[in-house]
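Common to both upcoming complexes is chain A, partnered first by chain B, then by chain C.
The block that comes next holds the complex of A and B.
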């Protein structure tokens, strides 16, 4: 556990001495700020009270595209610089190494998410009698679970490459496939594969429950499973480097 | 095998790979396991076999080497972990509890609807016919909640009627946004999305009873089974899709209204009804029956409502007055077409909000002093600009104008519903008959109005009332010019700007440290 924490804090600090964290945070907050302002402006003109979804909706899309940028360096950079071999000889388990890396990315993402709390606070002040707090809680809970899965996928894919750009595009590809995998489910319905594809669809587990203010146990289990499976794949991927 | 032969082994793998790609592509396109696919699978096996035959040593190395040992260990571990995850997800998915955290329990079904779904003992299916343009969010959310409450007995699918017109035609769907509930061979069509509507439809489907609507004949009425434009065939089809049986009734030859009648419709008679017919209707209504009258103006039929027996009966027993006028509406094109969008809060009209109804050649229908046991509600009013023109000659001359004292000032009532609280009988009168003919049925809210009238008189509207739930009304407090400026400054410049400041500071510190 101590090893995981050490690796996670090292990873977390690394974000703030590299330009990636600042570039990602800047673009993320700039786009969020523009969309938030535009939505409030539109609501004022059309005289309706917007929900917390005007904040969470864009945030989900932004994380879908920024997750590969946040995770691309985690293990790919270690391989490129040759420090991965060094780590493999250290008294650290492969799983601790991968989980530590993932935890470090999550700590960075949590800081970013914490900053975005400013939007619901402002929105709450502008709406009488305030925004739906239950909806806010489920949306943020779903977002954190989903981003946790994104990071696990990104860290694992990063372990397969020594080139960060390749890791970025491979992660983006996998995330987009998992995001849209439910689309052909209707066509495959007759063959019996439709239900499986819909179940694998990440967006289905977020928009049908958390986004609407519902916490469903199966969706919580899905995201935890997805995160665990990919962290396990990452561990296996590191382990194979010992005997390949 | 000869060492020279091993160089041919890759060709076996290439062959298998090409055949595999072909097989996957073929299966995606054809989606059948037919002969060409079987041949491709055979080629895959052949390719692998050739690769093994040409280079058996390599296969042996793969299977028993050091990498094979570690790989197989990793593979077993991966399969075990995936298996555990799949099983956990499967178990949780079978009976997943959920918690609705929204303030007003917006995602929780009304207990009445939830109970109705949980008591289903056979599959209930909903087909939602929505084009891409028609908003489907509310319907989808409600149907999703119903799936969860249905415990596997309820399912739904969205169908684009433009992409699949044959299915829409088979389901007799004529309007975008229609939802068809299907149970066994019975179906119920709805064009309004609400828990109350869905519950009523489910109750009607699970409690099938004979619901016969009799259309009176013998006086030149509109024919529900005809095929010309001036018939009610679309009205009839929609009634059939809601499990009503439409039959014709001739009270000149038949002395009484059949006992199994859910309602009797008198649609645009061109001749006055006989006294014996009025007596038969009177007897039927005194027993708690239901009557719908779609009457055309005197100028069209020549029936003088001051002398007509049916008009007299409606006035004395139901406090409904049929006006001897024609509604002139300057908004209409031509002005003989009355356009109405003002509705009362009544089960017939409460779902018409947002739609106009149009009545070509209509007359006024108002209420007089009501007997104690009768309660009448004016359902529909025209705009203030319309009036009830009594000078028929001026209409024929093409220059009608409002004459104070003689004409009925707008807004003019076009439809009225009356209930006898003692007998439970219901009567609806609309001062127009062609609003529901094949030319006008699909226009705006006309079809809904006609169907809602039948639902109400046949007592098929809210069979079980859903307890209204409290809803928090949220209002945006407009931030003003200064507030918007601060919002722009804070969200677009300050927050992202702080990140830039942080980045530059870190860069400078690192540069200073070297």
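The block that comes next holds the complex of A and C.
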């Protein structure tokens, strides 16, 4: 546990030095701000009360694209710079190393998410009966669980490359595939066998429950399992590195 | 402290090291020599648990490197060939991080102590990524010894250091070697003579020689060469020397110096001295000259590998057994 924490905090601090993290945060918050403003304008013109979804919706999409940028360096850079040799010969388990890396990215993401908390506050001031607090909390909970899975996928894929750019595109590819894998099942639906694909689809587990203010145990389990499975893959990937 | 048995490593189909056998006792400083690509780094990576062996067994401090990897890693300090540094950290943060992972107490004091010793004290707040090559090497070394490891494994520790720092680091290694076990690889042969108790010479993934530096020098020659110098004309004693038991051949160097050869281990110096003095000559010098480590190294790592094994490895085995 201690090692995980040490590795995570080093990783977390790295974000405040790295230019990539600043660029990602800047773009993320900028786009969030623009979309928020646009949505508020649209709702006032069209005379409807905007909900929490105008904040969460864009944020989910932004995370889909920024998660690979947040995780791309994690293990790829350790391999490129030779520090992997240091870590794998230090008294640290491979799993502690991978989990520590993931936790570090999560700490950074939590900061990013915390900053976006201003939008619900602003929104709450603007609309009359205030926003649906329950819906807000479920949405943020779902978002954090989902982003946790994104980070696990990203960290694991980063272990496969010593080049950050390669890690970025590979992660983006995997995330997009997992995001849309449910679509073909609609076509397959008639033939059956689409169920598994739908189950694997990430968006399915978010939009049909958390997004609507429902906490479904199966969706919580899904995200935690997805995160654990990928962290396990990441550990295996680091272990097999030794055998190459 | 370190026990290696029948250690082999394949990279794909390529065999990098084959059937290495050696033991390093506690408190020994052992030099690991060999030409580029001989397998030094590979061996060290296996010892530190970075790479698993293809076959064979390694124990460090009684722990198996595969089954008790974490125990082994706690004992070992390691400076890899490519210095493993986080460029985005300051020297202090980096060392503090490594010290934390090693779970040592009084980290600040230890860092202060070690950076003082390695001439890094004024660089603590600088970013590792901005350091010069030699400074980076020092930070790598600091990281390797910060937890006072029982076993220190250094892959070319003095590469890139300035002369003053090389001396400092060699002294440091000797000091650590008083109590702890050190295995270091190097291409600087005088370094081996200065700091190591013993050398392992490896070529094409095989150990071709293993002995103390002095014994290696005399063994390799098969015979021993001795210089004799007297005040008078050397020609007067030449027949006297030639007839001494154990002397194989003589060769006159200049008016009062000659070089003679004796069988290895059969030191005829005492008898020669007696005879020279008895004959009424002033004995000025009588010393054995040995081959330099460079010569030995080149001899052992010649291109033709069969020559090494047949001519060199064999006598070593027997010699080693006699010594035990």
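Here, the second predicted complex is superposed on the first by the 241 of 244 C-alpha atoms of A that agree within 3 Å, B and C clash if a C-alpha of one lies under 4 Å from a C-alpha of the other, contacts with A are read in each partner's own complex, and residues count from 1 in each chain.
We take it that a contact is a pair of C-beta atoms (placed from the backbone, for glycine too) under 8 Å apart; a residue touches a chain by one contact, two chains touch by 3 or more.
It should be emphasised that the depicted structure is a prediction, and the values quoted were computed from it without experimental measurement.
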item: Clash or fit (per the criteria above) of chain B with chain C on chain A; value: fit
item: Chain B versus chain C as contact partner of A:83, first or second or both or neither; value: second
item: Touched partner set for A:43, first chain B, second chain C, both or neither; value: first
item: A:17 touches, of chain B and chain C: first, second, both or neither?; value: both
item: Larger contact residue set on chain A - chain B or chain C; value: B
item: Touched partner set for A:34, first chain B, second chain C, both or neither; value: first
item: Which of chain B and chain C A:214 touches, first, second, both or neither; value: first
item: Touched partner set for A:3, first chain B, second chain C, both or neither; value: second
item: Where chain B and chain C come nearest after superposition, their Cα distance in Å; value: 6
item: Chain B and chain C footprints on chain A, overlapping residues; value: 17, 243
item: Interface residues, chain B side, partner chain A - complex; value: 31, 66-67, 70-71, 74, 77-78, 81-82, 85, 88-89, 92-93, 96-104, 106-107, 141, 144, 157, 472, 474-479, 484, 487-488, 490-493, 495-496, 499-500, 502-503, 506-507, 510
item: Touching residues (chain side chain A, partner chain C) in the complex; value: 2-3, 6, 10, 14, 17-18, 81-86, 88-93, 242-243
item: Of chain A, residues touching chain B in the complex; value: 16-17, 19, 22-23, 25-26, 29-30, 32-34, 36-37, 40-41, 43-44, 47-50, 115, 118-119, 122, 126-129, 131-135, 137-138, 186, 191, 199, 208-209, 212-219, 221-222, 225, 228-229, 232-233, 236, 239-240, 243-244
item: Interfacial residue positions of chain C with respect to chain A in the complex; value: 45, 48-52, 70, 73-74, 76, 78, 80, 82-89, 97-98, 100-103, 143
